[in-house]
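Single-structure report; data block below.
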């Protein structure tokens, strides 16, 4: 599974295709084994009490998996999530960005499976884990 | 599992506790068998092409399950999602609100399990299904 | 989604294709809305203490979903499970068979999604819930 | 999370508590980061065509997670699975045992979360991945 889009290419793609959310995220690293994305945590992501909301963590995992697949199949693909399973394990630390660390487990002709661990920036224990299946559109 | 908060009480609770998101949702019906919540779909929920985003559907399911649990245990509880599994099955219809129809399968001392089907308003086939586990805080 | 295999046809198919397990199960009812399968609980399904084991409940849910898909696409298909999510909610009653009640939520060209609730025979509350995705083989 | 039961202790525990299944499995390695269990694949685990069945893979993952938790909390505990999510990604190789490699992500007071990757013995790519939540019984 060669990498065909690096972190810069992915960030540019997000900015042009998803301008409304791209400013919240930054792909920080891509290689054959791992992709890392940062969520720049802001007011919109917080629950009362200052914790990052579950849906914001889900959105980060989804974006990380999406980028990890695009990194391998290129920017034209219209991949969509078909299944996700997520465990919320710890409260994110207040005032810290979140980092998703994503690994692609299978990149098939029709389906891709990946998993992500989510950490508070600098934290040792994962806040959440997520596995996702994406449907890969047929090549034209 | 008696209902201790009706739709009005839940909507008031959301407005006071989650003012930043409450305007997007409305609990439309609560009884012992079902709870229904509407997501008023707006620009912020859309992906390019006009489809409601996966994270927005996840957030709707999460809110529906949360409300279904509060309807049974009352407004003081600090319940949190511990696990969610979601299947995205069909593209939501453009320009339609989404309706989550939620059913509580178990309300234990420590854990609650519920499932939700998500429909485009007026649609016959579900757009997504979701099951969630919530951790119930111990009574004081 | 017309039904092309009824309960008798499914039971015969199981007997001829999966003789080693078919004796444990019986498809009891199939229609457009529901399929019901019984697990005849025996020693091999029990954990110490007399409870049906988790893997036996998983196997029942898997078989129910498989039959519900075959009921709609016919006996030739080589459908395989790609994803399953299961919640174990209550202890099955000792000495009772288990009933899986399965509903197909989507039958696409490539993927099918179904869910099953598992009950102790005669019980009112579900023992477990399961959702599964099956990959449908391409038509020849 | 100190290890309080090593591989030998776990294998002895399985033999005495689950004599009907213990012969199929062997815990091969336990340390703070990983636990590995082998499923000795036999006729009973196969589907027509010689592939290991989905429920057999589920049972292996379940046993691996159970052992990984016992390795940390000791043999007396009556932990039970509350949730599992599994992705079946590749066909196991015919005639090979399966290896589950399990990692504990959280060991809380009430819930434990772990994940397992399943490989055909000697294979480089995982056959399946599974994440599970166990409920930990209160200390007496």
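Letters A, B, C and D name the chains as they come in the text, with residue numbers starting at 1 for each one.
In this section, a residue touches a chain if its C-beta (ideal position, glycine included) is under 8 Å from a C-beta of that chain, and two chains touch if they have at least 3 such contacts.
Chain labels with UniProt names: A, B, C, D = PaaI family thioesterase.
Values in this document were obtained by computation on a predicted structure and should not be read as measured data.
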- Message: C-D versus A-C: which interface comes out with more C-beta contact pairs?
- Response: C-D
- Task: Tell me which chain's centre, taken as the mean of its C-alpha atoms, is farthest from subunit A (PaaI family thioesterase).
- Result: C
- Message: I want to confirm something about subunit A (PaaI family thioesterase) and subunit B (PaaI family thioesterase). Since they are copies of the same sequence, is their interface symmetric in residue numbering (over half shared, so same) or not (under half, so different)?
- Response: same
- Query: What whole-Å value do you get for the distance between subunit B (PaaI family thioesterase) and subunit C (PaaI family thioesterase) if each is reduced to the mean of its CA atoms?
  - Reply: 28
- Message: Can you compute the centre-to-centre distance for subunit C (PaaI family thioesterase) and subunit D (PaaI family thioesterase), using the mean CA position of each chain? Integer Å is fine.
- Response: 23
- Query: What is the distance in Å between the mean C-alpha positions of subunit A (PaaI family thioesterase) and subunit C (PaaI family thioesterase)?
  - Reply: 34
- Note on the structure: subunit B (PaaI family thioesterase) residues touching 2+ other chains are 82-83, 85, 87, 89, 133
- Residue set of subunit A (PaaI family thioesterase) touching subunit D (PaaI family thioesterase) in the complex reads 85, 87, 89-90, 105-106, 108, 113, 115, 117, 125-126, 129, 131, 133
- Query: Quick one: in the complex, what on subunit B (PaaI family thioesterase) touches subunit A (PaaI family thioesterase)?
  - Reply: 17-18, 20, 43-44, 47-48, 53-56, 58-59, 62, 80-89
- Interface residues, subunit B (PaaI family thioesterase) side, partner subunit D (PaaI family thioesterase) - complex: 82-83, 85, 110-111, 133, 135
